[in-house]
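Multiple structures are listed underneath, in structure tokens.
Across the two complexes that follow, subunit A remains constant while its partner is subunit B and subsequently subunit C.
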Partner chain A sequence: MLTSMLLILPLAGFLTSLAAAWIVPASSKARASGAVQKIIAGIGFAALFVFAFLAKSEIGTGYLGIPLFGLWLNFGLTQLSWYFVAMVAGISLVTVLFSLQGLRDDGRYPFYYIWLFSKTFGMLGVLLSADMLTFFIMWEVMSWCTYFLLQQGHEKAKRAGAGYLVYAVTAGMILLAGLLYVYFNVGSFDFRTIQKAFSGFGAGRIIVAMLLVLVPMLIEAAAYPVHWWLPSAYANAETGISAYLAAISTRIGIYGMTMFLFAGFGLTALNLVTANKYVSANEVLMIIGAFTMVVPTFTALFQHDAKELMTWHSIGQGGYMIVGIASSTTLGIAGGLFHVFNHMTYVSLILFSIAAVEYRTGTTNLNKLGGLIKKQPVAYLGLLFGIIGLAGIPPMNGFVSKWLIYRALILSGHPFIALAAFIATLGTILSVYKLIHNMFLGQLPERYNDIKEVGWGMRLPIIFMMAVVWLTGAFPGTVLAVVADIQQSLGLERVAYSVHGVAAEMGQLNMLVINIVFIGGLFVSWLIYLAGGKRKHIGQYDNYAAGHFLDKSIPYNYNYNFYAGMEHIFERLLHKPPVKRAEQALATFVSGTSEYVCRIFTGNITTYSAYVVAAVVVILLVLGGGR
Partner chain B sequence: MSVLSIVVWIIAYPLIIFCIGVLLGGYERKFSARVERRIGPSWIQPFYDVIKLMSKKTNVSHGYMHDVAILMLLGGTMLTLYFVPVPGFSYFSQFGDFLVISYLLLIPSLGMALGVGETANPNGSIGISRALQMLAGYEVPFILTFIGVAMKEQTTSMLDIIRVQQAGGFWAWGLIAHPLLGVAALIALQGMLNEKPFEVIVAPHEIATGPMTEMGGKYLGIMFIQHLIAVPLELTLYINLFLGGASNWLEYLVKLFVLWTALISVNMVFGRFRVDSAVKFMWKISLPLAALGVIGIMLNIA
Partner chain C sequence: MVSPMLLIAMPLGAAFLIVLLGSKMAARIVAIATVAFLAVLAPIWLSAAISEPFVIVLADVLPPLGIAFGLDAVSAGFALLIAVSGLLVLLYSFPYIPHAGEFKGKEKAEVRYYAIFLLLLAGAFGLVMTKDIFNLFVFFEILCISSYLLVAYSQEERALEAGFKYMVLGSIGSAFMLVAIGLSYRLSGSLAMADIAKALAAAPNSYATLVSVLFVLGFGIEAAVFPLNTWLPDAHSSAPSSISAVLSGFVIEVALVVLVRLSLNVFSGAMLSVLAVLALAGILVGEMAALGQKELKRALAFSSIGQVSMMLFAFTLGSEIGKWAGLGQLLMHAGAKSALFLVSGYFIVRTGSHEIEAYRGLGRKMPAAGAFFAIAALSLVGMPPLFGFFTKLRIVEAAAAAHSAIGYAGIVVILFATVIESIYLFRIVRTLYGANAEVAASGAASGDLPAFAWIAVAGFVLLVLVGGFMIPSFDRLLQPMAAVLATI
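Take a look at the complex of A and B:
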């Protein structure tokens, strides 16, 4: 019953807010329309959040069938899908709360909450699907909702949204092929029947089926080399939407991957594929994951836009999840699944902080900002906590999941994948420092002298997410408990967690001790600091300039081309990225061939009737051949 | 260990390491003076420097992050220190392995980077930009050597790695058992300690003094203290991974000074690389060495 509410609520929210938009159109009364939309969204998403947590009691029991054209759409809640449902509900609520003030009522985004509801509905539908047909249908619904969500606002966003659609439709078609392939081989859409049938199949059929379902999941998860749709699509969306999409939407691909690998097709099938000594399915996936980690993180280094930089990281962090889950070890899977949660928390925190800056300055261009720490300290702290989490530095939560993944990779004998994970972390540190430096540190440009901190409506979600990032870092056991339950429900070994980290039999990690020792170290340093003389704060123009005098007229800042040395090293790769070239070549090829195909449509009635005659002949021949 | 001895160690450990750092720093200055045919300063000159800086009357700062950063710098280094086992004290090693140590080491760098950023001096920002690029340079081979050792011994715990080396005697030392990894890590260590030819961060004359440009008084003093702790800390990492750790303090000190002499001798005869050359050197010389070593270990296991 509660499970069905998870689908009904966002759908009802979508219809209500759509009706409200029709009654109070944004074009005539922007403010009134905005207020109505906000009230509906606030109530709707808060209720969804409550129901998502109540629905935990229905895991494995609450099934729901909806008849559709003689077929049944089956929905149900599993341990794995509940984890994602809870995350979707949680982050949707926080995003909406942030947007209440973060989104200006200027009528630029009249359908913001409407598409947010529909997107949430699509995602929850995918997560709750209990058979493959439902999964495919909800997958398509979700893709279209993502498109509608993306194509709001200015012209660039519309074009980027169309780019997303190309990839999404491709993914959908491959998934459809996979669906049909499985159906013709098994004769059922039900996962349990599929699982049973697959355990008797040979490796060939399993590999084809796996490919057909995993490739769409990797496209959705923006794995290398099918990631190119993501940066422009997310970076051009409204920042609240970017946060929402980067935090959870891309991760539905990770859900699909985990589900098909461990639940949908069954472990027996997976073991069969990976039994080969020389080429194994998990290693192929791990190599994809390794590229997904390294290439996008180093691309992020050279971005000049805060949002674009973050969207590249959103791709890169997905690589850790893929590698962890594909490693098929207890620690790796735990790390990969935990990383989904951690990534959601800090990436939304970072994008909220960027949104706060954008709200006041009107730009996210990293070459134009600077020194805002004095003006927006809360946004600065939010970004600081977020980047510490993103870079995986203790004591924030990102470290714990990365630690699990590193350890799993090293102990399972994958040194170079582990190295890739470390390289990606280093790239992350470099680029996030550039992010925080160019926005908040360095010289404050004169034009931002009158800037104020954003209101409490935006400050509170930032502070709340900061607390989440830190506390789940100090007490990772709270989330790892859910992850361990998922592992058990999938028939895997449970990760041995303790409240403060990982229990001794699976390694040594106690985040609480790290936190306490760190605070102790800070305290002792503070005492040493106090032992010195009294300090005096001085202004930014009171600075070393080799004997020269500084004033307002002199830009004295280093932020353009921040990593010149790296740029020098990667010069060739940077200007001609191979994936982008491949994508452009494909686009040229498609538009070229379609030009030829267009010539079929001559507009001449005689040619068309000739086509019809030809088609009839072909059909008759085919049918006759069958007889 | 009894509670009392743990408490005593917690208080004494940073102080002992600081004293060792002072001696190492003084030794370096004496050593370079003798190479240049000077007499050189006192053996505990770094200690006098710290006292001088801490008692300055003028302490200017550019804002709260500048103040907090200096605490993060020293606090983070002390935090890392506790997780590194030395003879007689390894209480905290049960709460964190080498992976934890290598990430805790980033906290002081991040702290300094944030503080320097707030000083709004381009020389400082350039220094940080270089420091982070160097980090990407030396950390990659260094971590790969650790991955190799950890994969061989099937553990990420530093204590276990020391135990294996001490049980096998001299021939089980990392440097002897995996010479390629040992050499690769040694090159990386040179970069980690910011010694020439990888001394691109502070780079006097080139970018003023880089991150230290706007640091003075007690701020510079605390940076000095941190440096004096960080040098023995990073050398200890190498000793624990590749030189068989140490079973008593005498052995530990001997290994420290021998290793340090090797590194500062290289420092004396080189000029400074440009930052991209330094990074490339790490990736083209040190990283392939480490990779070869790791492949060797993989073949051995399989």
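Take a look at the complex of A and C:
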């Protein structure tokens, strides 16, 4: 069965690369070991990609039960899970291909491919789970593998990973409570049985179950205000891993949310809850989504590290998905699900470009870079395409999904949420301008004079992702077809799509026209450029400001501390954001309690004996007192 | 088939033989041969006991006058656990014990170590096999006194102090027990547990309560029931690591299971709900205190308090699945915690420090030790597919199935405790793999686990590694054990 290969392949890859690391000693033949790992990873992930697409024929054709541990683990493929499986397989292959050259063999990441395999296994396991127990088990596996993946590299990465672990284990434990709650209410772990049973339940039980199940999903999806684990964890990881994690790992939470909302507990159950006049489940989720869009996006504005800036955007873009899916309208769900794909493509493209710059310059600090456009043109173009997608500007794919979400919000009567989305987009544009300016535009610091473009091993994945970002923008119908199938399989109305966009009955969007206008516009500008007067080509240091020439000794400095003025205004909020303060307060409370508890153990034998006598007396009183 | 009385007789005899022979080499050989022999026979006794429990009558005198022993599924299961753990820990002791403490006459002391170790095993075997309450007391004392001695083995100041505290509290417990035994003998005129159970059921309520409380709390000191467990952090952290592993691995647990069995069958049922509340408090206190520790072995000792309370909680639920879960957790904990203590013993040997911070970067220097530590820690926290995941899942499942307030409270407490566990255990693991130029450069902290220690730790780690995959096989063992637990 092809579906089983989706689990067997990454597991086998994990075991073989682990064995390879064991056999080839890291100290003596580190390079050889690296090569072996790369070959295994290349073959493994390529095969996984092929099988992911072959497995499409097996959607809904039955279940794969694996008796293990005295339990019965059930796996199966649905339309929704296939969409995510294909994305996982695709992006992990691209990441591995990029890493073949992008990952330096300096021995800092000896377990890179091993944990990549295991993490992929965990994610695919979650996606393929056909019952809730399997889902929980694979969820735990996935969380732990993410932790190990984050535990590589320098001290800061390890500390950040530790923060992730606390959130992940908390999420897992809440999910376990939800699992037990559902099981003891329904008597089964099977999603279909759960869905049937829940359609007959009262609002109270549905709300408790939804809370216990959705909160872990929101933690994984890094929704506001449980997003704080993400920025430092992703920003300190190796850049290839950051790309992989930001692109798809976080989105497993979106998958879980969609699945539990529309397949797990059933739309009927959801409607029952949302029909309540006072508490509307989907509006609560949409408000969470709105906060997730706005707050992290504006936090991104003030980051001075390219990767950190992008990780904040990765959180913010998740807000669009949550808002779209939670709107539970045809257009909104289509937009939200499509946005998962689009975000995956452009965020990995941006992070690959950042990785290419980091590979040559050794830094991602936005205060130290600049003017690299001529040195690394491919990385520049990659970043340009990526940020156009991220900001949701035509003609890239991000525009289409955001268009769907905006339209859904306005049509479904949520103008304020739509406003939040617009504001967030404004913040996105402001911050991606900072990103591209501080890295590629402006003046080149002298120390980067000898920089060269990265090799083809890294250039090709960037160019490939550029093509994907543009082409799925020009032909959104290719992806929307899958999204429409998902909607149908969930019992929802299909989004009416055309090859070039959205069909007329749902509001006519033709990306072909937009592309023609866009390219035509470029052409016209070029004509104007040609028709213009005499031009003089000047060097980047041939510049002046405030009556001074700005030569090499005094480069113009406005990329340093970009948005410093705005930062000054928001200083208090940025310095100690409420969420961070709440998190710290909780940590202080726990460690304070721990200190207090430690005092029970005085080390004094007299106190200890007194405890024993006191316990005997108290229990005798409790048990004997009543009678 | 040879009589299961060998479980008690052989270690006792071998202990005296070791003292007579007086040489270190002879002590090692006699000890390992004895325990290996029992470890080979234990599975045979176990499979026989599951189908038909042994009843052993000494010197042809029948109870209530004679001394009664029995080997049923529970005692045989524990006999296997004790024998195998004992064997692995003995293997570990060979290279390790010479490192434990610097004092005069160490050669002689090592001989004594093996003799007392065998006495401890005899006490533990006797405790699970005895059917009458006075013998229970005798074997309990053998177990306790040999524990006091072993805790103080290194003769360092902190070890002597810990051993002394342990002894004082243990003696208080013994005194309570003795009073309880006297009271129940007065009531029933018999020392056999079955007779006492009948007599107590018919006795006035207050009398039964008094006996139950005195006995359960007296015994609870050894079983590390909160708040009687205050001796444990000192004792487990100051003992030689091989002894910490034994104490945390099966000594508390043996006491716990005997306690649970008596509470379920002999003493008043009200004790169970008291124990459930104490168990939840114990989980919280143990885990929260572990979070604040700076010494590795102290953190592990507090974690043992939490874990043992978790087992106790599962047992007090009273359901079949609860007992299964408790026994499963017990088995997993025996593997994981023993491995953690044994590995930390060599961390201390290599760095000369008890502080976690001193082990920074040690995981790279001692790759096997580091990997074993991480796997055992993962199982303790409950990462699938390791053993610990499934036992913890069963515990919360049992708690949910109880449909009672204490059950739901238990779920919340256990889930919260898991988060805390993951924080402090992985803070330790992270320190082990942290960057430290000093450790990387120094030659002092060189050398992974020695061969015998490696084998011992690997044995325990193997249990948590494959335990999850072997749950169907464990079912065949744990189900009869859970069923027998509800009988005397």
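The rule is simple: the second predicted complex is superposed on the first by the 582 of 627 C-alpha atoms of A that agree within 3 Å, B and C clash if a C-alpha of one lies under 4 Å from a C-alpha of the other, contacts with A are read in each partner's own complex, and residues count from 1 in each chain.
Heads up, the rule we're going with is that a residue touches a chain if its C-beta (ideal position, glycine included) is under 8 Å from a C-beta of that chain, and two chains touch if they have at least 3 such contacts.
In this text, all values refer to a predicted model and were calculated from it rather than measured experimentally.
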Check the residue A:8 against both partner chains and state whether it touches subunit B (first), subunit C (second), both, or neither. neither
Regarding the shared-chain residue A:66, is it in contact with subunit B (first), subunit C (second), both, or neither? neither
Tell me which partner A:388 touches in the superposition: subunit B (first), subunit C (second), both or neither. first
Would you check which partner chain A:43 touches, where first means subunit B only, second means subunit C only, and both and neither mean what they say? neither
Touch check for A:610: first (subunit B), second (subunit C), both, or neither? neither
For A:173, decide between first (touching subunit B), second (touching subunit C), both and neither. second
Check the residue A:427 against both partner chains and state whether it touches subunit B (first), subunit C (second), both, or neither. first
Pick one for A:543: touches subunit B only (first), subunit C only (second), both, or neither. first
Is A:162 touching the first partner subunit B, the second partner subunit C, both, or neither of them? second
When both complexes are superposed, which of subunit B and subunit C contacts more residues belonging to subunit A? B
Subunit A residues contacted in one complex by subunit B, in the other by subunit C: none
Where on subunit B does subunit A make contact in their complex? 14, 54-63, 65, 67, 70-79, 82, 92-97, 99-100, 103-104, 106-107, 110, 113-114, 117-123, 125-126, 128-130, 132-133, 135-136, 139-140, 143-144, 147-148, 150-151, 154, 156-157, 208, 213-214, 217-218, 221-222, 225, 274-276, 279-280, 291, 294, 297-298, 301
Contact residues on subunit A for subunit C in the complex? 68-71, 137, 140-141, 144, 147, 151, 154-155, 158, 162, 165-166, 169-170, 173-174, 176-177, 180-181, 183-184, 590-591, 593-595, 597-598, 600-601, 603, 605, 607-609, 611-612, 614-616, 619-620, 622-624, 627
Contact residues on subunit A for subunit B in the complex? 371, 373-374, 380, 384, 388, 391-394, 399, 403, 406-407, 410-411, 413, 415-416, 418-419, 422-423, 426-427, 429-430, 433, 436-437, 440-444, 504, 507-510, 513-514, 517-518, 520-526, 528-529, 531-538, 540, 542-544, 546, 556-559, 562-566, 568-569
Could you please specify the touching residues of subunit C with respect to subunit A in the complex? 164-165, 168-169, 172-173, 176, 205-206, 209-210, 212-214, 217, 221, 227-228, 230-231, 233-234, 268, 270-271, 274, 284-285, 288-289, 291-293, 378, 381-385, 389-390, 393, 396-397, 400-401, 403, 411-412, 415-416, 418-420, 422-423, 426-427, 430, 433-435, 468-469, 471-472, 475
